[in-house]
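Here it is: the structure, laid out below.
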Amino acid sequence: KAGADIAAKELGAELLFDGPVDTNAAKQNEIVENWITLGVDVIAVAAENKESLSTALRKAQRQGIKVIAFDSDAAPDARSFFVNQATPEGIANTLADEAARLTGGEGEIAIITATLTASNQREWLKRIEPRLAEKYPRMKVVAVRPSDDLKDRAQSEATALMSAYPDLKLIMAICTPGVPGAAEAVKQAGKAGKVKVMGLGLPNENRRYVKEGVTDCVILWNTGDLGYLTAYTAVKLVTGELKPGATSFKAGSLGEKRVVGDNVLLGEPFIFTRDNSDRFNF
Amino acid sequence: MRRRELAVAGVLAVLLLVLALRAPSFFQGQPLRSLLTREAPVLVMACGMTVVILTRQIDISVGSQFSVCSVAAGLLAAHGWPIGAVIPFAVFLGFFLGAVNGALVAGLGLPSIVVTLATMVTLRQGLNLVQQGEFVNLPDRVQWFGLEQTPGQWSVLAIALAVLAGSAFALHSFAAGRHFYAVGSDAEAARLAGIRPRRVTFAAFAGMGALCGLAAVMNIVQSPQVQPLAGAGLELKAIAAVVVGGVAISGGRGSVWGGAIGLLLLACIPSALTHLRIEAYWEKAIQGGIILLACATEIARPRAKKSPPAKAAAA
Amino acid sequence: MSVPPLLAFENITKSFGAVRALQGVSFDLRPGEVHALLGENGAGKSTLIKVATGAHVPDGGAIVVGQRRHAALTPSTARAAGIACIYQQPALFPDLTVAENLGLRLEPAGALRRVDWRGRRVRALELLRGVGAEFSAEAEVRDLSMPEQQLVEIAAAIGSGARIVIMDEPTSSLTRREQERLFGIVRKLRDDGAGIVYISHRLEEIAELADRVTVLRDGRSVGTFAADAVDPPALIHLMVGRELSQLYPAAQPASDGIGVEVCGAGCAEVGVADVSFAVRRGEIFGLAGLVGAGRTELARVLFGLNPADAGEIRLEGRAVKIGSPMAALRHGIAYVPEDRRRHGAVLELPVSHNITLAAHRRIFPRGWLDAAEERRIAEEFIARLAIRTAGPDAAAGTLSGGNQQKVAVARWLAVRPRVLILDEPTQGVDIGAKAELHRLIRELAVTGLAVILISSDLPEIIGMSDRIGVMRGGRLAGILPGGASASAVMTATLGSAERKGAA
Amino acid sequence: MKRPTTGAAPGWRRIVFRYETLLVVLLVIEWLVFYRFGTSTNRRGIVVGFGTMERQFDILRHSCEIGLLALALTPVILTAGIDLSVASVLGFCAVVFGRLWHDAGLPVWCAAGATLLAGAAAGGVNALFIARFRLPPLIVTLGTYSLFRGLAEALTRGAVTYTDFPVGFLFLGQERWLGLPTQAWVFLVVALFIWTLVHRRMTGRVFRVIGFSPEGARYAGLAVGRTTALAYVMAGAIAALAALIYTARLGQAKADAAVGYELFAITAVVLGGTSIFGGRGTVPGTLLGIAVIAVLKNGLAALPAVIRLNAAEESAGLLTGMLLLVALALGAAPKLLSARRPRTPLPENLPIPKSP
C-alpha cells in the first residue's frame, strides 16, 4: 500500500484502496462491483478466490476497465496482467527447501495455517507437501493446524504440537501472525534451537525472535515494492505504455522489470534471517 | 453442584480419560501449564460473563473491549509506562467501556444484546480504523510482569484463580452477590424487595468491562507483541463456556464454577485433538458435537416436577 | 381519636395513560386495627397499596407515614418505615429457594453484608412453620404451587416485624385451614398494635376480621365505615352501586348423558392415583380439598398437561387418550388454570388476542385471519363478563387482577367446549362479577356442558355444585351430594386422622 | 418499540408513530445523502457512483443472502429463540450442493432440491433439541453453529472449492430477470411468504404467544412444539436457499461461505424492531432493517471522503453500530419520556401539618 502510494504520487494518478482486515470472497466481490460503478480506470486485485472474483472482473473488462491482478492471481481471461511477486510454486518450493535445510532433510515437521479454507494457504500447502515428498522423502508433515490468523491461537497450537509430537523438528507457519506465535511457544517451552521455527511473515513482527535465534528464517517479499510495481503497471496499462506481449517495461525506481507472458515479475522472495534482519522495515 | 455442572464435568472427565488412555503425552507439566496460562484471561472474562448472564443480560462486546484494552495498554507500555501503571489503566479503561454498556442497558432500558452488538461493532471497527491490524511491539520488561517465565506463568494463573475464587465467594456469600441472582430471576420482584435493579445491572456490565481490562493485561504480558485482533471471537468463547457450564441464559441460575468447568472443557478440545492426532478439519464439528452433548445430558434428567415458569414479564 | 394514624393517604391520584386508577383517595390506618379495603375489580385497591409500598409513584397527593409526609415512597423507604406487603400476585424469585426469597425480603439492605446461610435457613423454617407451610425451605419457588407461593408471601410479611402489614387478597387461593391460621396471625398482629390493611372479595372474611372498612369505586373512595355499622348487602351496594339479590343460581336438573367419565385415572408424576368419577352433561361437579390435595393436579391430568399413565378417561362414552392440551382442546375439553399470571392470560398480548387464543378455528376460518370476527368475539366477552379494560387492544397485563381472571375464563368460553374444568375461576373476582360468573357457569351447564369446578371458596363449592368430590393426598376420598353442609365438607377434606388431631 | 399490528383502529397517529416509520425516514435520509454526495460524473462524462441503477441492483444482490437469513430469523426471534447457526447451515448447504452436483453428478436442479432438504434437515437438528427436548436455543445453536461449519470443512477437508457451475444455474445469482436481479425475485417471494405466515396466519399468532409465554401457549392448547420446530426447520431451509443464491452469485461453493453473516442478519432483525425477548416484531420492520444496513454499507463505499480514507468497511461497521444505538434510543424515547414525566421533583419529608 505504501509503495503504491509513492508510485501513484510519482505518476499523478489517484489511488483507491480497500482491504478489509478480514477478507473473504464475497466481500471482495462487493468491493470490485462498487468500483465498477464508480467508473475507475484500472482495478488491481489480489484475488482471494479465483473463480468467484473473476465474474466481477470480467464484468469490469466488459465496461472497458483494465484489470490487473497482484499477489494472488485471478483467472487469466479476467485480467490483462498479473504482477507476480512470486509464484505459489516459488514460495512453496522456497519454504520446503528452507525447511529441509534447517532440519537436514529429515524428521517430523508441523504446519500452522491461517484457516483451513483460506485459498492462498491451500495453494501453498498443496505444493509444499508434494515438493517434500518428492525431494526430501525422509521429512514428514505430521499435522496441519489452523490458527484463525490469531497469534495467541498459533501459540497454543504450537505448544500442543510440541507436546503431542515429541520428535518434532520444525514448525512452519504459513500465515503472518503464525510465525511469532509459534516462536513464542517454542521459546516458552525452552526448546529454542531444538524445534526450529520458520514461515511466511513480516520483518517487524519477527525481528525480535530472529535476533534471539528462536525463529530461523522468514520468507517474505517486499510488499512496498509489490505495491509500487502494481501501481506502475496499472498506470502504464492505461497510458498504453504496457501492452500485451511486451517482455519488459520500466517501472520507476525499480528499474527494468521482466514480463513473462502476462506475468510481471517482481523477483525472487527474500529470506529474512539473523544476518539481514535490519535491512527491512515494514 | 447442580446437575448441569456435574454433567459438563462428566463430559470433561471422559475427554481426559480418553486422553489418558490414548495420548498420555497430553499430561505434561510445561505444555499443560502453558495451556492453562493461555486460558487464564478467558477465565477471568468468563467470571464476568457469568455475572452478566446471571443478571439476565448478555455482553457480546467483550472481545472488542478486550482488544481495545490490549492495544491501549500495549501502546502505553511501548511508550515506557511501567507495568504497575499500565494495569490500573487497562482495568479502568475496561471499566469505562463496560460502564457505557451498562449505562445504555440499565439507564435507557435498551436490550443488552443489541446494545452490546452495537458497541462490539463500533469498538472493533474503530480499532481497525486506527490500528489497521498492525502489531504493537512491547518492551522486554513487560513480559511476565518483568518476572521470569515460570513465576510469571504462575502469577497469571494465580490472578485468574483469585478472580474465580473471589467472584464465587462474593456471589455466594455477600448480599450484593445475591442481588445479581435476584435481579436476574425477576427484576420487578427485586425492585419490590428494595433492590435497585438498574444499579445491579450497571454493576454487572461495568464489572465485566473491568475484568476485560484485567484479562487484556494478563494476555499481553504473555508475549512481547500485541495483536489488535486478539479479542476476536472471545465473546463467543466466554459465552459458550458460561452457558455450557450451566448458567441459565434466562438469568438467576448458575455459578462461576460452572463457567470455569465449561471453559476448561472448551479449552482442552483443540489441544486434545492435536494429541489424539485427529485432523484439524474435524475440529469445529467435534467442538459443536461436544457442546450439544453437554447440553443433551439435560435430556436424561427427569422432567421438572412442575412446569417451569414463564419468563418473568419481559422488558 | 387522638392517636396519630400509622399511615395516611391524602388525595392520592394515579393514572396509567388514559386510565385514571386513583382519583383523590384519602385513607388512614390506625394502630391496632384491621382496615378492610373493598371494591370491585379494577376499583384501584392494588394500585392504592402499591403506592404505599413504593411500587408505584403517585401523580399527586401525599403519604404520611411515621411523622413524615412523602410525595412518594420507594420500596426501600417503605420498608424502612415498617411497611410490609403481601402482593396479590406473588413477587417472588422463581429461581431461588424459599429461604433465600425470605432472606432477600427480610434482611437489612446493605450490599456488603455477609450472607448468613445457616441463619437464613433456620429463620425460614421457623416462619414457614408459623404460617403452616409444609414444603421445605430449600425448595425452589418455581416448583411451588400458587397457594404455596402465597404462603411464602405471608411468611415474608409476618417475618418483617412490620408495624404496617398490607394484605392484598391473601386468602384468594388458600383453603379453609390455612385461612384460619392466617386469621389467627392477623389477630395477633392487631393485638400487638400493628395496623393491617386487608383486601378481599370474600365478605364473610371482612365480617369476621375487619374493624373498619373503606370502599373504593372507580378510583374514588366511597367512604370509611366501622365494620359493625354496615352489613354485607349494604357493602355490596356501596361497592357495586346496586343490589345483588341472590348469590348462587338455582341448580337445574342434569341430563342423563355422561359428559366425562374418569375410571381409575392416575399419573405417578404428579401424585394423582386411582381417581374415578363421572360428570353428567349439564352437571356441575365440585372438587374440594386442602392445599396440596391434588385437585389442580387432577385437572392437569384431564387436560393433558401431565398425561394419565393409568386408568381411562371417557368422553360421552368413548375412551380417549389425552396426551397434550392440544388433544384436550380437540376433544372439547377446556381448562381455566388457577395461576393466571403464569398460565391464564398472556400478559403482553392484547385482551382481544387473549380471548380468542384458543378459539383459532373461529378467527382463522380456512387459515386466514378474520380480524373483524376476532374483534366481535372480544367485544362480546368484554361486555358479557364486564371486563374492565381500556379496550380490546390494551395489553392484558394492564388489567387488574380480577379482570385478568375474567379474560382467562373468557378464552375458554369462546371455544364452546364440551367439558369445562374451572380451577379457582372466581379467585380474586369481585362480588358482582362473581355472581355473573356463577350465573354464566350455570347457564353453560344447562346448555349441556359437563363442568368440573375446583374452588377453595367453601360457600362457592357448596352453593354451585350438584355433587362435590373431595380430594385428599391425590385421591378422591369421597363424593358428597350437592348442598352438603360446610362442616361435612370440611370433615371430609381433613380426613379421619387429622379430624382426631383437630378435635 | 410499539406493539405489533393488532389489526385494530388505524388512525393516522398509529401509522405515524410506528417504529417502522422511523426506519423509513432513516432510509430515505441515507439514500438522499448518498445520492447527493456519492454520485458524480467521471472524466469520461459518465454518471458514476451511488446514483447509478447498476449500483442499486448491486445493493439488492449483495444483501440478498443476509436478507434471507434475517427473514428466516424473524419467526425464530419472535418465539424468543435465536438461531446462531444459520450462516453455518448456509456454508454446509453450499458444500452439500457442490458435492451433490460435482462429485455425485446429480443434475443441477436436483442437487438444488436436495440441498433445500439438507437445509431443512439441519434446521431439524436445532428443532429436535429446542422444541422436542426443550433445551435453550442459544446453547443448542451455538453447538450447531460449530457443528455445521465443521461438517462443511470436514466434507471438503477445508480445501475443495466447487466451481464451474452451469450458466443456467449462475443465472440465479448473476443475471437479471424482468429487469431485476434474479435473486431479488426469490427474495420477494420468501418475504411475502414469511409476511403472510407471521401476519395473516394462525402460525404467526402462535409464534408471538410462544415468545411472550411458552407456558401460556401450552395452557391455551396451542401447538407449541410443532410451531417452534417449524420456525427452526424453516430457518434451515431458507438458509439452504440462501446458500444456492450465494453459490450462484459467486460461482463457487466453499466451506467458508457466509462466515459471520449470522451477526448481520441478527442486527438487521433487531434494528427492524423485533424484540430479542420474543413476541414483538414485524416482517416489514425486518425488511427495513436490512435495507437500512445494506444502503448504508454500499453508500459509504461511494462517498469520496470515505474512499480516500480507504475505510469503507470500517466506517460502515462503525456507523451500523451507532445507527443501531440511535434507532434503539429513538424507539425507546417515547416510553422513557412518558415514564419520566410524572416524576416531578419529590418534595420528600415535608413537615406534617397540624392534623385537624
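Read from first to last, the chains carry the letters A, B, C and D; within each, the first residue is number 1.
Note that a contact is a pair of C-beta atoms (placed from the backbone, for glycine too) under 8 Å apart; a residue touches a chain by one contact, two chains touch by 3 or more.
The structure presented is a predicted model; accordingly, all values stated were derived computationally and were not measured.
Student: What is the touch distance from subunit C to subunit D, in steps?
Tutor: Minimum step count, subunit C to subunit D: 1.
Student: Approximately how many whole Å separate the CA-defined centres of subunit A and subunit C?
Tutor: For subunit A versus subunit C, the centre distance works out to 73 Å.
Student: Let me have the rounded angstrom distance from the C-alpha centre of subunit A over to the C-alpha centre of subunit B, please.
Tutor: Computed from C-alpha means, the inter-chain centre distance equals 35 Å.
Student: Give, as an integer number of Å, the spacing between the C-alpha centres of subunit D and subunit B.
Tutor: The separation of the two C-alpha centroids amounts to 28 Å.
Student: Identify all positions of subunit D at which a residue touches two or more other chains, and write them in rising order.
Tutor: 153, 156-158, 212-213, 215-216, 218, 279, 313-314
Student: Hunt down the residues of subunit A that sit against at least two other chains at once, touch-wise.
Tutor: Each of 21, 116, 146 in subunit A touches at least two other chains.
Student: Can you list the subunit C residues in contact with two or more other chains?
Tutor: Within subunit C, residues 305, 342-343, 347-348 contact more than one other chain.
Student: For each chain, which other chains does it touch, given as pairs?
Tutor: Pairs of chains that touch one another: A-B, A-D, B-C, B-D, C-D.
Student: Residue numbers of subunit D touching subunit B in their complex, please.
Tutor: 80, 129, 133, 135-136, 138-140, 142-151, 153-154, 156-158, 212-216, 218, 263, 266-267, 270, 275-279, 311, 313-318, 320-322, 324-325, 328-329, 332, 335-336
Student: Can you tell me which positions in subunit A touch subunit B when the two form their complex?
Tutor: The touching residues are 21, 116, 143-146, 148-152, 155-157, 159-164, 166, 177, 180, 184-185, 188-190, 204-205, 208.
Student: Taking the touch rule as given, give the residues of subunit D at its contact with subunit C in the complex, in rising order.
Tutor: Interface residues on the subunit D side: 3, 6-9, 199-202, 205, 208-209, 212-213, 215-223, 279-280, 338, 342-343, 346-352, 355.
Student: Flag every residue of subunit B that touches subunit C in the complex, lowest number first.
Tutor: 172-179, 181-182, 184-186, 188-195, 248, 251-253, 303-310, 312-314
Student: Of all residues in subunit C, which touch subunit B in the complex?
Tutor: Within the complex, subunit C touches subunit B at residues 53, 55, 74-76, 79, 85, 87, 91-96, 100, 103-105, 107, 109-115, 117, 142-145, 269, 305, 342-343, 347-348, 397.
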